[in-house]
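Given below, in the form of structure tokens, are the structures.
Two complexes follow with chain A in common, the first pairing it with chain B and the second with chain C.
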Partner chain A sequence: MESKKEIKQPLLEISDLFASTENLTILKGVNIKINSGEIHAIMGRNGCGKSTLSKIIAGHPSYEITSGRIELCGNDIEPLEPEERAQSGIFLGFQYPIEIPGVSNLEFLRVATNARRKFLKKDELDIFEFEDLVKEKLDIVKMDSAFLSRSINQGFSGGEKKRNEILQMALLEPKIAILDETDSGLDIDALRIVASGIKKIANEQSSIILITHYQRLLEEIQPDFVHVMADGKIIKTGDSTLALELEKNGYEWTDEFINKN
Partner chain B sequence: MVNENLVDNIVSEPYKYGFVTEIESEKISKGINEDIVRLISSKKNEPEYLLNFRLNAFKKWKELQEPDWADLGYEKIDYQDIIYYSAPKQKDKIKSLDEVDPKLLETFDKLGIPLTEQKRLTNVAVDAVFDSVSIATTFKEQLAEHGVIFCSISEAIKDHSDLIEKYLGSVIPASDNYFAALNSAVFSDGSFVYIPKNVTCPMDLSSYFRINSGDSGQFERTLIIAEAGSSVSYLEGCTAPMFDTNTLHAAVVELIALDDASIKYSTVQNWYAGNEQGVGGIFNFVTKRGKCIGKRSKISWSQVETGSAITWKYPSCILIGEESIGEFYSVALTNNLQQADTGTKMIHIGPKTKSTIVSKGISAGHSSNSYRGLVKIGSQAKGARNYSQCDSMLIGDQAAANTFPYIQSQQPNSEVEHEASTCRISEDQLFYLQSRGIEFEEAVSMMVSGFCRDVFNQLPMEFAAEADKLLSLKLEGSVG
Partner chain C sequence: MNIIERIIKSDKDIFDGKSNLQKISLDRLRVNPIPNSKNEIWRQTNKSKFSRFLDFKFSNDFYYPQIPGHSNIQNTCRIIIGENKRIDLKEKKWEIKELEEDEILNFLKQKIIQSDTTQNWSNLLNHFLTDRKNIVGLNISGKDIPYLEVICNSVNNFFNSKTIIINIEEGTSVSISQINIGDKNSALSISSYLNIGVDSVVNHGIISFGKNKSHIINTLNVSQYKNSEYNLGSLQFEYDFGRLEININQVEGNAKTNIKGMQITNNNEQISTYANIAFNGPNGFLDQLNKSLANDKSHSVFEGLIIVPQIAQKTDASQLSRNLLLSNYAKIDTKPQLEIVADDVKCMHGATISQLNEDEVFYMRSRGLTLEQASKLQLRSYYQEVISFLPISKERWDLLTLLLKNK
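Presenting the complex of A and B:
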């Protein structure tokens, strides 16, 4: 077992990451290592830095890395623009997917898919080929093709927006998908649809980071590792039982932990 | 934010039509007075009725004041410092394109408007206007077979004086406004279209206006008459070289639609806009108006305004015939220090008349972009309806957008709807698109063309593609 692990190269490795926005330090030394095929959950209170971490990995311009590294397959991603990160296989499922009036969802999905395909040196898809592909993927999230002709996320319900995110993930086939509170604001049926969609997309070559407050999503998708985040750091890592523990005991102990350290 | 600067960078694409054609021109001396007006008329060998039309207009112009109500700021124009007639030197009577100076043909080639028989566009007839004169009109004979008259207005003045006398100034009288009066006094050329009864014009007609000379103004005049039951689609494009002085362009366009006739008039205006510091560029003061005289007639204006240092332009419809329809679809993009004050007037006179206004203003850089529109429902316009939608998009935090809608109704049995919105391309929207692998520039242009979609859908197909490309070009460029 030990030797097998050593051959496995980490897909995403974050080491001693410090980051800030508007002179406010948010991440204070994050360390995390994710191998291919693994599912990780990051849990923690509001404001602990979970969403910031996901935006920094995706390259949001409002945040600045002050020290530390983020490596995708051994390459530092800091110099890459957000679009280059996406093309090379990083996917961020947004907590609040933004509405973009006037831009057709179908056109957007096609341009995005082709940008990724171009990077992978695959042929770009024309409108007809793409329509065939997208119809196949719509099934995964049980979406109606009427969604395609609307503007991006415009007038979508909370659940529809989240399903649209998972549809994008299905089309882009990322190496690593970071899903930021994909479960928030979903009723139980929508949660099941989203969770089963994620499970269908997940495979040996790709990894998933689930950012969540609740155990509910983790009942549907069992994580290999659970990390607890507080005050910009990962303070505890365990297996899926850690999530159950949190559900039972809450996050108060994390405050004590921070005060002690 | 980092990206704000990037947006600033990508909206400053260099102007690619800014070249000057080296050609000998015949120019008259600077300034304007009655003798100049007479000189222009005699150079064009005009009949007396037209000279009188000009002199009358000149008299009106002297009495009028330059309007100052628009939200525009510019240094006072010195009307005595402008040359009012400039024409490339060539033989007096040109029988075929072979006799046109190759330099002129080359100029239009470079602008993507080839005129020679081998290269000309196959589905569009073109009237090419260079400074003050019309150089060539393609497909004249083929159109004549259908009874369609398409020629320069100078030719029409000589060959179709009955139509000119009847309709010239009938929609926009010389006394209408300061710039229309000036145009009526000194207009040099332009296009004339006549579509006979029940004829659907077999191809799109178009005019391409090219200003070449830096110190002369351009004053063209277009007149389109659609007889009962006829229809035509007309396209207009314009470019000018880069000069560090301002050039005055004051055009007049008159449209007349009789019973059941329809005229669609589309413009892609790309005059030189001046540099980033606001030096140079065209002053574009244009009066465009259509008269729906006939029952169920329809006039539709669509415009994509991307150029000029100053744009002052309100293509309008006077809806006289019962159930006549007026439409105005506009995209105005301003960047750097450009200023645009543009919109429309829909004057409902006849009963059950309908009008639609869709205006999209995009302001980037330090520019200012205003929509100004009037919807007037007269006392006889029972059952009239108007729908207006005015949206503004701001790029960066230095640009300004204004909406000035005026509504006057004297008929209680009528409906007027007005919707307006303002949005800004937000960093989060851009990040969303980028985080899906879409390049920054493409993300901006996707959002801009998405914003303009309602208007682009109204443009003839090739034009829509060109307009989309033009906006992308303006918004593309030097992202490092």
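Presenting the complex of A and C:
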């Protein structure tokens, strides 16, 4: 990323967020503030609520906000449908990207890109203009154009699916991208390609949340802040050295922290 | 008084102007003038819709149909039943010619006499109603044959009836599309016969699309001979009452049948498909997929029966019914069945009913697609499997657009 000289704008602010699914409370008071140009990492054990937080921000209908607030650029997003959140600039990179047989990747990407462009009051792209744009973006994740003619994620390897997610991020130019375990299931070469793609897309006007268990993605993309999540809330925030501490000491201390509090 | 009531009451005028063939059919119909509602293939039929089908005034008159799709019909042989154009096409490698009068009459007479008055009621009604100018009989032979398009249409406020007989000679390879166009407030009866000769390959599409309050009963009767391959794609939509009866007989076994069908119901429509596949020799193969998509308060029915007698050893047959329910008020009835006597066979059948996949929908919505756009893309993928199987020109019949426009 370029040097951070611009004045930072608050992009995403989550205040005392409680959320549940099927009468089970999963988030128990999450607070986080993310400014433009920042990269945040959220780490924690399985089941601590990381993925739930990402889905709630994206508007997954299976989850309900019971109290608290999520603001994007100062506006409450709770009343917005998932597509309205996406059009406003929220992007969720899925841990397990969904395969949709029969739906062309190219057509899907074009409709999605035009939905975002429409929101940004930019001209929608016809099929030829879009092909030019997508070919340019394919380079970022070193994907072959043959992927475009296939069905969404169908028959893609784990690495290809994750690269396809980053391609979508590149096309949609979100304000805030939440990448949920984008590093899972990637070999070291694929991880480098994905990390390099993310770095190329990152800019001073947007921000990124990396949800991960491991340090290895953070070696490629250095975060400005690292948050540790446990039992549905953020229990510690630090700089990138916190991730190194976690790598060294593991998450056992989080249990003690939760028990004490 | 509808046509059945006239048959039951032995209306004197009913014989007026009728051919011998029609009179023989009438005699057969009188044995069983109304389909038995306890019979499996009529049990699910909506009585009021069926009654409405019969209520339209019958007409043998021809009206040129409004044919949607592009007008470019190069390298296509188009036949509109009832138009009465002489067909005699011959090239070096192939020939399409009309069957002789005797061949048509003898063929239909045999079929009528052999018909079971319950199982083949729809055919008998068709043969009683259809006059000679609405019967087309063709003999096809050769290779590199132009795409054959047969159009059957009904006319606003009338009940029309058409019959087509196609004899495919040994070693022939041909693609045929039957396009059934239902005008608003109309009824159409069609009986299609295909005799597929030894070593022949037939790609066949039946596309039935109606308008407001169209009604249709289409029976398809296929006889397949040794080493033949029959690929059928069918699509039915926009009919208030639609019924496709598929009867396929692998006469000697050793033949291959692939079927992909789809029916789409909206509003209060009822569309049904009944498939009866009989293997009368060894080494037969069947792969059948029937898809239904039911919306609003509509009703979709699929009943399939695979018959494997003792002689049909080594049969390999699969029949699958996949259904998508788009509304809490819509209804889908599906019943794939096997009747197996032979002991060395591989047969499977199955049925699934599901709703649109929520994970897929959320994935697309999380990329900015509206629920409507996401559903459309998903439906497109659902349709695509069957549409890509139809032997029709994409340029001429953009069925995906037509289907999605109707959603």
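Going forward, the second predicted complex is superposed on the first by the 252 of 261 C-alpha atoms of A that agree within 3 Å, B and C clash if a C-alpha of one lies under 4 Å from a C-alpha of the other, contacts with A are read in each partner's own complex, and residues count from 1 in each chain.
Assume a contact is a pair of C-beta atoms (placed from the backbone, for glycine too) under 8 Å apart; a residue touches a chain by one contact, two chains touch by 3 or more.
Everything numeric here is computed off the predicted structure, so don't read it as measured data.
After superposition on chain A, the partners chain B and chain C are seen to clash.
Residue contacts after overlaying the shared chain place A:S51 against neither chain B nor chain C. In the superposition on chain A, contact is made by A:R116 with both chain B and chain C.
In the superposition on chain A, A:N164 contacts neither chain B nor chain C.
Using the contact criterion defined above for the overlaid structures, shared-chain residue A:P101 touches chain B and also reaches chain C.
Across the two superposed structures, the residue set of chain A contacted by chain B and also by chain C is 58-61, 81-83, 85-87, 91-92, 94, 97-98, 100-103, 107-108, 111-112, 115-116, 119, 151-152, 168, 172. Residue ranges on chain B touching chain A, taken from their complex, read 1-3, 423, 426-429, 431-440, 442, 446-447, 449-453. Across the complex, chain C is touched by residues 58-61, 81-83, 85-87, 91-92, 94, 97-98, 100-103, 107-108, 111-112, 115-116, 119, 151-152, 168, 172 of chain A.
Residues 58-62, 81-83, 85-87, 91-92, 94, 97-98, 100-104, 107-108, 111-112, 115-116, 119, 151-152, 168, 172 of chain A are the ones touching chain B in the complex. Residues of chain C that touch chain A in their complex: 358-360, 362-371, 373-374, 377-378, 380-382, 384-385.
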